[in-house]
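So, here's a batch of structures to check.
Shared chain: subunit A. Partners: subunit B in the first complex, subunit C in the second.
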Partner chain A sequence: MVGILIVAHSEQLASGVKEFADQATHGQVPIVAIGGAIDGSLGINAEAIRDGLHRIASDDGVLVLVDFTSAALSVEAVLEDEPAMRVVISNAPLVEGAYLAAVEASVGATLEETAAAALRARDLMKVHPEHRQRFR
Partner chain B sequence: MQITVDHVIRFLERVAALIREHATELTELDTVIGDADHGTNLNRGFSAVVVKLDTLQDGDIGAILDVTGKTLLATVGGAAGPLYGTAFRRAGALLAGRYTIEEADIVAALEVALEGIVERGRVQRGEKTMLDAIAPGVETFRNAIVQGKPLEEAAHCALAAVEEGMRATIPMQATKGRAAFLGPRSIGHQDPGATSAYYIACAMVGLDANPTSDQNVA
Partner chain C sequence: MGEGHTGSKIMEERVVKIRHPLGLHARPAADFYRKTREFRSRITVRNITRRSSVELPVSLLNLLQLGASQGHQVLIRAEGEDEREAVAALAALLDQLAAEE
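So, the complex of A and B:
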């Protein structure tokens, strides 16, 4: 099964997203949440990302979801040392992307299918255009 | 001029000292157009590098630079981690197994480090980033060495180019990093990444000073 790595600048943010995605898939999908700098402050820790990738890496691959660019750059830097790993870093929004990807992975989808599902989160219509104004 | 493992270790110690000394200033610059952590992040990173250096006295120059890059990746926390981390690791890969290097090796190491930053950040000049300070510095350093200038003079020329590049980020509008979220409001502020690059370049001056002397501590 495709694994999902969630990388955010905050440990609470990363584990909150994991909690949400775990609940949607009844814990069937291997999901690892990595968040925070090495001292627990807001930031990214590439060695923690490396450990996280190793925990869920398989031939089926890993989809990585990130909160900001610096998280993606750290994942890319780690992957320089891991040429054998099948990994896609998603440009999807973190919360919605992780949720849709987890649901897709839980039904046995491929890495490509899971990555495509995450990207569909960019087009989620959460508020109807006519309702986007401020209500008085 | 031969640069040894000791010279490189002293260089990294000077970088760490300069970053520590200017951490507040770097964070203040980042407060205006970023997420207010550049100085804190780099100080945490280079302090961790200095701790690691104690265990690396027997390593070659390539190994020392690779560990420096890996440590920055693990400890910096922001985008500067993968950017400077990749730069140091590329230089380390180029100089793997070397215990002494010369001017031409430093030029080559700076060029691969620069390529690493461009590749990792997918950045070009004029986007108000560290590259705007580093690229002219590397270019100037290479030209000075090619013209046969001594290492110390080349480092001074490069530092002047880095400083000019750093100042040139002030009128730029950011299109990369958190500062890009500010759009035109990023204009008029010096880029924190270009400023940390300047302090790293400051540590290149005195590279060939006698490693056992204390006079080269900036």
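So, the complex of A and C:
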């Protein structure tokens, strides 16, 4: 099964997204949340990202969801030393993307299908058309 | 649309009332979508309580965008070899999810 790595600048943010995705999939998908700098402040910890990738790496691959660009850059830097790992970094919004990807992975989707599901989060309309007068 | 052989419908459909307090969102939507993947029939959903809602093929994204809140009526349609089983299982799942709350 495809694994999902959540990388955010805050440990609480990463854990919260994992909690949500875990509930939606009844814990069936390997999901690891990495957040915060080494000292616990807001930031990115490259070694924690590397450890996280190793915990869920498999032949099926890993989809990485990030909060901001610098998180994606850190993951890319780690992957330069891990050429054998099958990893895709998603451009999807973090919360919706992690949710859609986790559910898709839970029904046996491939890494490519899981990545495509996450990206669909960019088209998600959260305000129903009937309430459009309040939509911005 | 019509009927094929006498007595054999070419489509199965049922209107179900959403009783889950959170509506068909987040976790219930994920459970519903995962259940649809167990069947081969083509499955669509429409929120008939919302006048602007159209019939949509089942995907997780479409389910989230149905805007199906508690009390709304949702039309589930399935067409294919296991259409009866699919609609029955999906209606039963919605009841089960509501009962678990």
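We take it that the second predicted complex is superposed on the first by the 129 of 136 C-alpha atoms of A that agree within 3 Å, B and C clash if a C-alpha of one lies under 4 Å from a C-alpha of the other, contacts with A are read in each partner's own complex, and residues count from 1 in each chain.
Rule of thumb we're sticking to: contacts are C-beta pairs under 8 Å (C-beta built on N, C-alpha and C of every residue); 3 or more make two chains touch, one makes a residue touch a chain.
Here the structure is a predicted model, which means the values were calculated and not measured.
Enquirer: In the superposition on subunit A, see if there is space for subunit B and subunit C together, and answer fit or clash.
Expert: fit
Enquirer: Check whether A:Val107 is in contact with subunit B, with subunit C, with both or with neither, and answer first, second, both or neither.
Expert: A:Val107: touches subunit C, not subunit B.
Enquirer: Return first, second, both or neither, reflecting whether A:Val32 touches subunit B, subunit C, both chains, or no partner chain.
Expert: neither
Enquirer: Angle at subunit A, subunit B to subunit C, CA centres, as a multiple of 10°?
Expert: Once the two structures are overlaid, it is 160 degrees.
Enquirer: Pick one for A:Thr69: touches subunit B only (first), subunit C only (second), both, or neither.
Expert: first
Enquirer: Using the touch definition from the top, say if A:Ser41 reaches subunit B (first), subunit C (second), both or neither.
Expert: A:Ser41 sits against subunit B, while subunit C stays out of touch.
Enquirer: Give one of first, second, both or neither to describe whether A:Val78 is in contact with subunit B, with subunit C, with both, or with none.
Expert: After superposition on chain A, A:Val78 lies in contact with subunit B alone.
Enquirer: Minimum Cα separation, subunit B versus subunit C, post-superposition (Å)?
Expert: When the complexes share the chain A frame, the smallest subunit B-subunit C C-alpha distance is 28 Å.
Enquirer: What residues on subunit B touch subunit A, complex-wise?
Expert: Of all residues in subunit B, those touching subunit A are 35, 37, 40-41, 44, 48, 70, 73-79, 81-83, 85-86, 89, 120-121, 177-178.
Enquirer: Taking the complex as given, what residues does subunit A use to touch subunit C?
Expert: Contact set of subunit A toward subunit C: 20, 23-25, 99-100, 103-104, 106-107, 117, 120-121, 123-125, 128-130.
Enquirer: Along subunit C, where are the residues that touch subunit A in the complex?
Expert: Going by the criterion above, the answer is residues 26-27, 30, 33-34, 37, 50-52, 59-61, 64-65, 67.
Enquirer: For a test of understanding, state which residues of subunit A touch subunit B in their complex under the given definition.
Expert: 9, 37-39, 41-48, 68-70, 73-74, 76-78, 80
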